[in-house]
Amino acid sequence: MNSVLKIIAQRLALGLLTLFIVSIVIFAAVNLLPGDFAQAILGQGATPEAVEAIRTDLGLDQHPVKRYMQWLGGALQGDLGNSFAQANFASFVGDDSGVRTSVAQQIAPRFANTMFLAGVTAAIAVPFAVTLGILAALYRNSVFDRATNILTLSSISSPEFFLAYVLILFLAVLNPWLPSLSNIYDGMAFSERLEKTLLPALTLTLVVTAHMMRMTRAAIINLLASPYIEMARLKGINPMRVIVRHALPNALAPIINVIALNLAYLITGVVVVEVVFVYPGIGQLFVDSVKIRDIPVVQACCLIFAAAYILLNLTADILSIVSNPRLRHPK
Amino acid sequence: MSNDAFKDAETLVEMKGIWMEGRSDEDWHPIINGVDLTLRKGEVLGLIGESGAGKSTLGLASMGFCRDGVRISKGSVMFDGIDLLAASSEEKRQLLGKRIAYVAQSAAASFNPAHRLIDQHTEAPIQHGVMSKDESEADGMELYRKLRLPNPDEIGFRYPHQVSGGQLQRAMTAMAMACRPDLIIFDEPTTALDVTTQIEVLASIREIVEEFDTAAIYITHDLAVVAQMADTIKVLLKGDEVEEAETREMLSHPTQDYTKSLWAVREFQRPQKPAVITGSTPVISVKNVTAAYGKIDVLHDVSFDIHEGRTVAVVGESGSGKSTTARCITGLLPPRIGSIELDGNPLPLDYRKRDRSQLQKIQMIYQMADTALNPRQTVGDIIGRPVEFYTGLTGKARRKRVEELMDQIELPASQFIDRLPSEMSGGQKQRVGIARSLAAEPEFIICDEVTSALDQLVAEGILRLLADLQDKLNLSYMFITHDLATVKSIADEVVVMKDGDVIEQGPKTEMFTPPHHAYTDLLLSSVPEMDPDWLTNLLKERGVDNIGDAAVGKIT
Amino acid sequence: MSGLMTILIALAVIAALGYAFRLAGQKLTNNAPMFRDMPYAVAFGYMLGLAVILWAVWTYIKAQFLLPEAEANKYFYFVVAIHAFIIFSVAAWVFRVFGRAVGTAGTRKLFRQMPLTASFGVLVILVYAILAIFAGVLAPHGQEEVFAQANVVPGGNPALGGDPAFPLGTDQIGRDILSRLIYGAQNTVGIAFVTTLIAFFVGGSLGFLAATLRGWLDQFLSRTVDVLMAIPALIFALLLITVASAWVTGWGLTVAMVLIMALIDSTRVFRLARAVGMNIVVMDYIEAAKLRGENLSYIVFREILPNATAPLLAEFGLRFCFVFLTISSLSFLGVGIQPPLADWGTMVKDMSSFINYAAFAPQVSAAPLLAASAIALLTVAVNFVVDWMLHRSSGLKE
């Protein structure tokens, strides 16, 4: 057990280190490029006051390393700075009283919305995909397997916005069952919220399920080919028990891995889908900020996405270590 | 144990006119062509043949089982009056594990890594309703004791990866015995084991099969092993039955040419060369070499000489350091302490620091011809590259030299020069590997287990070729092997290694006559011989506690 | 709720039918092994499949022949999908028959073993390649040409607001959609292809170098790639494009995007190339070459590379799909390929509001879906071919 704890501690440390370096990369990408950033952001027509306001806001007169430490220190305490759009606006109005909403305040509710969307997607996609994957593996090379293969390949190959519009077409426009716009606000009833989230969640489900199902299928087929499964069958064990008792304990690690990897994949999907459905999540904010070059918001969103991605991969890693009998029961 | 003893016994398995096919892409190609097989109660049938002969496929078919992509196209399989091919999968499931059991080649892969041994042992008895969990556990420990597993009361509570290969193989035999089946299929149960471990497993399998009077089909490619285990031997060749006879009869009077040739393999022996003149400079001299992977020393103070025109066989079991020594000589693993000398001059330890003529003089032939030849190059290119690289010949001159070399390895150039490795058999590929090393015109060749991946007849051809080449070209060989039969046939001198140490070294004739070092003695005595009484006599002579891992433990 | 009830009742009926089907099968065939050993789940599956096919056929007949046009509009896309499926299948089949009859012995053999999906893939890729290369010749109008007639409905039927001069209609500022779709093949596919090529050149050569040399170079490159891969590709691309957009616009931004995507994708290629390279480097024939004294370039180009082409080719297809989809997504989000280049992702974004007309005027809503399905069709085709290639190479090993 000790060695397992040691390995997990190592992985955790490695994950933290990666996150730290990623934060440097994100910061450096924005800050280490030549030229006057404030001027570039605001364009030639900007008033000198506006440029100056942005410059102080960014602290461009300070050393990059110091700026980074400040930014990281702030981020660790939940302070992600102020958005440019707000700073810019304030400087034009001439009211820089500091009452404007911070990036953290802007992101927090949207973060909750995105988590809700991801949660609904996962709740539909995971059981569905794993079941389909196991079925396809059990009845491999059957008509069912071939049909799902073609369907999932097509689904993987389609851009998220295509799937989104197809679903809108059939489920919102031609058959008005679900709303095509996800205008979510605070204090909404759960059922209504769920209804509005369903279409974006279904879109993401289509993408994620396809990936997850194919990977589950591959993992199970790989497993079923192992000699101990043949041995179990040659012991006259009934097929259900072979699956449950012999295949499943060993399939756990690969399946957990597949799920975590695909939840990580959701992060990318969320961005496009939120834009299509005008879902007020973090992805939409991210894209809007990219378009108006609101650097603090872009940095903050990027850091959150990267952190979620690293965390999910780390979880996959640790769970598969824990479920490995060789590590749980050392020699 | 004569075949007559079973004449009156009831027939247990009757396979008639079995034709089997395997699928590759969309086509079915034949694997077994009309083989009959009869097994009486309590009889042990040995199925032998080379790789691809269809032994395992036929063995599984006797259980009414086919792997994916294999099918029985014609014939019938009767087990104790039950037609296995017509039976429903439910009926078959009732037989498998309960009345017919299977012991697989790789126990490490065939035990489920997620469950303890005893839980896997008791699964079949509980599922088939033969015993309760407690009864079966107690019985399992009893069987472990009979099979002489260490700590029989405790070992079952371990997970497969916590138990050594030889012990796992015995635990698997115990598992097969759990329901006291009428028939057990042993599918090469000792092939993956070292000789000293193999003998223990063989002894325990034979004992327990005799004790419970179980019928068995014993599948192997090793004649000497099957001679110890079987009452009757059936020889297969490429899916056809060659002959079947009672073991002693088969060993003394094989009727078919193929069987005779199999027997003859073991008779190839080259005369030992005269002793080297004292004071002559050895071609290769390994001096006090200690080498390490990372921080752990894997070789300790190894020294030996290899003289012109001689073959030194380096013998030992897996992990003994034989291949590591070769890596030190070639410079892939620079020794931590010690030196390597070529013709009396010290070589740079790292191969990257050696000059072209030094590299040229030391060549290597590998165990797996598949990974030793670039699958995307033709034979002409594989052999031609060193010719061009070392001698600078190009164009026609290079081709002529390649043809000469192919002539030496007895592969007609006109037929083979443009082939890719995938278009040749294992033996042919190994010959190309030899030609590639000859192309460098070396003084010294390291042969790393060159015959162990090959079938016996093919292996013998390679050994004869190497011996001829040595005489013609005055080459020196370092022959790495775990197979003592190979040592007997080709070596002039022998170096015995164990755990990175040289245990004993000397001329072959001395090494094969007593007195030996205790480990050499164990190693020599563990090699099965063609005599069917060999195992019985050995056990009588040494006692069950002086063989295998138990004996190795006593030495160190 | 009644919809849910209908589904539940239908499932119950199918479940009963499945049981009856298996029982009848056993009785009729006198317990043939197929029915005797059939698990119930399989029988249920057969019936479910049958029910879906019957429903599809019935809906198709209803929409084509029975319903009045206004109601049939609802099934317009369903009918289109069925037609497309039939046309594509027939085209793929004809193409395979053609491939089996024409060409060298090698290609004929390839076509003989090819499943229908793969021949469909090859056909589509060929068509796209021709469109992309000869876009200038094939497109009836220029990609930036603006006509007086804006918002012409696709279909070319004047009664529905179409115009035979613009078979697929025009967009909101009056550009010919057909021409823009054809130029889109050149721009979108071409840019994705170039990006993938750059990524392969950079990632592939560094990957093989790392696998062959090992040591600190390998450590350094691998750790760098680990970090870069810890940021999801699309997110990282958006971040870098934000930065780039502060300096360049229009054409420059398109070039910047290509370089950014190539950089991000080269990390994935590096991983694969290194893994493939490592598998080959441990082979004895590489050891033999090293011991012969061969230099690095001989080992990489003559020994490793020829053995890595098959996995790399399959990976090229997959990476291309990934880059292509990511670039399309970026364009859809408005930060990818910049105007005036015609591009499918941008077209979808610009025309997406047309979808809402689908209920009463299905032809109007076709325009954005055409661009989106142009993207999907190519990736599906590439994926089908890659899937077959991977299947073949794994089959050969056994």
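In order of appearance the chains are A, B and C, and numbering begins at 1 in each one.
As a convention for this text, a residue touches a chain if its C-beta (ideal position, glycine included) is under 8 Å from a C-beta of that chain, and two chains touch if they have at least 3 such contacts.
Bear in mind the structure is a predicted one, so any value in this text is a computation, not a measurement.
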Seminar exercise, completed: Quick note, more Cb pairs in contact for A-B or B-C? It is A-B
Problem set entry | Chain whose mean Cα position lies farthest from subunit C | B
For this session: Averaging the CA atoms per chain, pick out the one whose centre lands closest to the mean of every protein CA shown.
Result: C
Seminar exercise, completed: Per the C-alpha centroid definition, the whole-Å distance linking subunit A and subunit C comes out as 22
Exercise. Rounded to the nearest whole Å, what is the centre-to-centre distance of subunit A and subunit B, using the mean of the C-alpha atoms as each centre?
Worked result: 51
Seminar exercise, completed: subunit B to subunit C, mean C-alpha position gap in Å, rounds to 49
Problem set entry | Of all residues in subunit A, the ones touching two or more other chains | none
For this session: Would you pick out the residues of subunit B that each touch at least 2 other chains?
Result: none
Seminar exercise, completed: Residues in subunit C with touches to at least two other chains are numbered none
Seminar exercise, completed: Residue set of subunit A touching subunit B in the complex reads 225-228, 230-238, 241, 245-246, 249-250, 325-326, 329, 331
For this session: Give every residue of subunit C touching subunit A within the complex, in rising order.
Result: 39, 41-42, 45, 49, 74, 77, 117, 226-228, 230-236, 238-243, 245-247, 321, 325, 328-329, 332-335, 345, 348, 352, 355-356, 358-359, 365, 368-369, 372-373, 375-376, 379-380, 382-384, 387
Exercise. Touching subunit B in the complex: which residues of subunit C?
Worked result: 33, 36-37, 113, 283-285, 287-288, 290-294, 303, 306-307, 395, 398
Seminar exercise, completed: The answer for subunit B against subunit C in the complex is residues 24-26, 88-90, 330-332, 351, 354, 356, 359, 362-364, 366, 368, 371-377, 385-386, 389-390, 436, 440
Seminar exercise, completed: Residue positions on subunit B within touch of subunit A in the complex are 63, 65, 67-68, 92-98, 101-102, 104, 106, 109-115, 123-124, 127-128, 158-159, 161-162
